[in-house]
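This report refers to the structure that appears directly beneath it.
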């Protein structure tokens, strides 16, 4: 299952190196998975409204070429496996010329907010994802 | 009542103009009032723990000279009046050479978090401030 | 001259009050004027490419109601006067129900980057704006 | 070679989960290596002033427990190997109770800014580091 999101680079995301500060790619990853989940009918705000929060468990990013102010980046997000106790999104970020700028992954946990304990991926989420996982 | 805080400019706070992005001064104002209130024995996390949140009501900032990466800025925060339904902090930010970089103010409200309604400045806060307001 | 931009609230823009942190409205203002200028054919990256940078001179913001995660905000940006030595954008931010969340203004200067001195609004900018200022 | 830095969690770094947003740990990593390099006499602003920029090449972070507003975090930064074409910092972040909150690494490259090409670690940096690398 794969989803493509466009993200426009903002001035406040640049640093004095003249390119996007590396920490912002981690935020682009977040935007991209939010857009993917919303596209598939399970927006994160609903997951949270149902009492499940999804804290980040681990992440990794390789930086290949810099992103620049004003560029419309393409973020390709992939969900390759059905989530169990965790869910892993993999990412590729490309600039308008199709050059790969960065790639990485983010793994999130599922936590029952009220009880503060890790739980398995909730049914309302897995039921939706099952339909799309092979796309 | 006046308090001075030092804030070191971080790389991620700069933008491609080679100086600190203007939005970060608003965050420096927040750091400075947090430090002031903590110094006077009423840290904001305690105010929040007592069920009072303090959303920003309005703010203003004049930018005079840019702040640069690595500089240790001096932020002078003043509380000139006892808070009633609102509290106003005024700020002056100076660089290590004593040059005034920015000045402004931030006014915050007091809101009872559980009921979601504005309230007057809580007693535990005003009792402390009364002792120091003329300093 | 007026322009409307939609901005989606991101998770990383919220704080533990459960709403958008006030400093991010200043970034929304920046996004909105960038979009406006680009819409009218004078994107900021071109202004900068021509050697003119536009540091913020002053800003003000009134916060009326909070913005929440996932909301698509409408930012109405107005340019009421032809820029001379400075340019002032005024803003109104509304939530999806049409409720006014915030209003404010940002005034920017024009600076010749190479010489580091303030200059008047460059001709390539005023020529374009003259055509649209009364819209 | 190891250095310990204290970083106070700011309100604007929290998100609506009530804890520090995961992207900010990447910024804490940056603060910590800046402090380490400054402590050892080679502040990053000097490296940049000498025409060498250090873009991030890759990073990884494991999130174990959340950091909370107001906490003074301890960041332990280690440099285990002399930099050659790249430099890798490893990190451990602990809360005031000594609980490990996160660990990770960041690898940076050395780039000659004027020519825009990767270079080896500059002599002025390696000469300093050689003296301390076994500490």
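In order of appearance the chains are A, B, C and D, and numbering begins at 1 in each one.
The definition used in the following text is that contacts are C-beta pairs under 8 Å (C-beta built on N, C-alpha and C of every residue); 3 or more make two chains touch, one makes a residue touch a chain.
Worth saying up front: this structure is predicted, and the values here are computed from it rather than measured.
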| item | value |
| --- | --- |
| Of all other chains, the one whose Cα centre sits farthest from chain C | D |
| C-alpha-based rotation, chain A on chain D, 0 to 180 degrees, nearest 5 | 180 |
| Separation of mean Cα positions, chain D and chain A [Å, integer] | 24 |
| Distance between chain centroids, defined by C-alpha means - chain C, chain D (Å) | 33 |
| Whole-Å gap separating chain A and chain C, where each centre is the average of the chain's CA atoms | 28 |
| Interface hub residues of chain C, defined as touching at least two other chains | 11-12, 17, 19, 23, 27, 30, 69 |
| Of chain B, residues touching chain A in the complex | 11-12, 14-19, 21, 23, 69 |
| Residues of chain B touching chain C in the complex | 17, 19, 22-24, 26-27, 30, 53, 55-63, 66 |
| Complex interface listing, chain D residues touching chain B | 10-12, 27, 30-31, 34, 43-45, 69-70 |
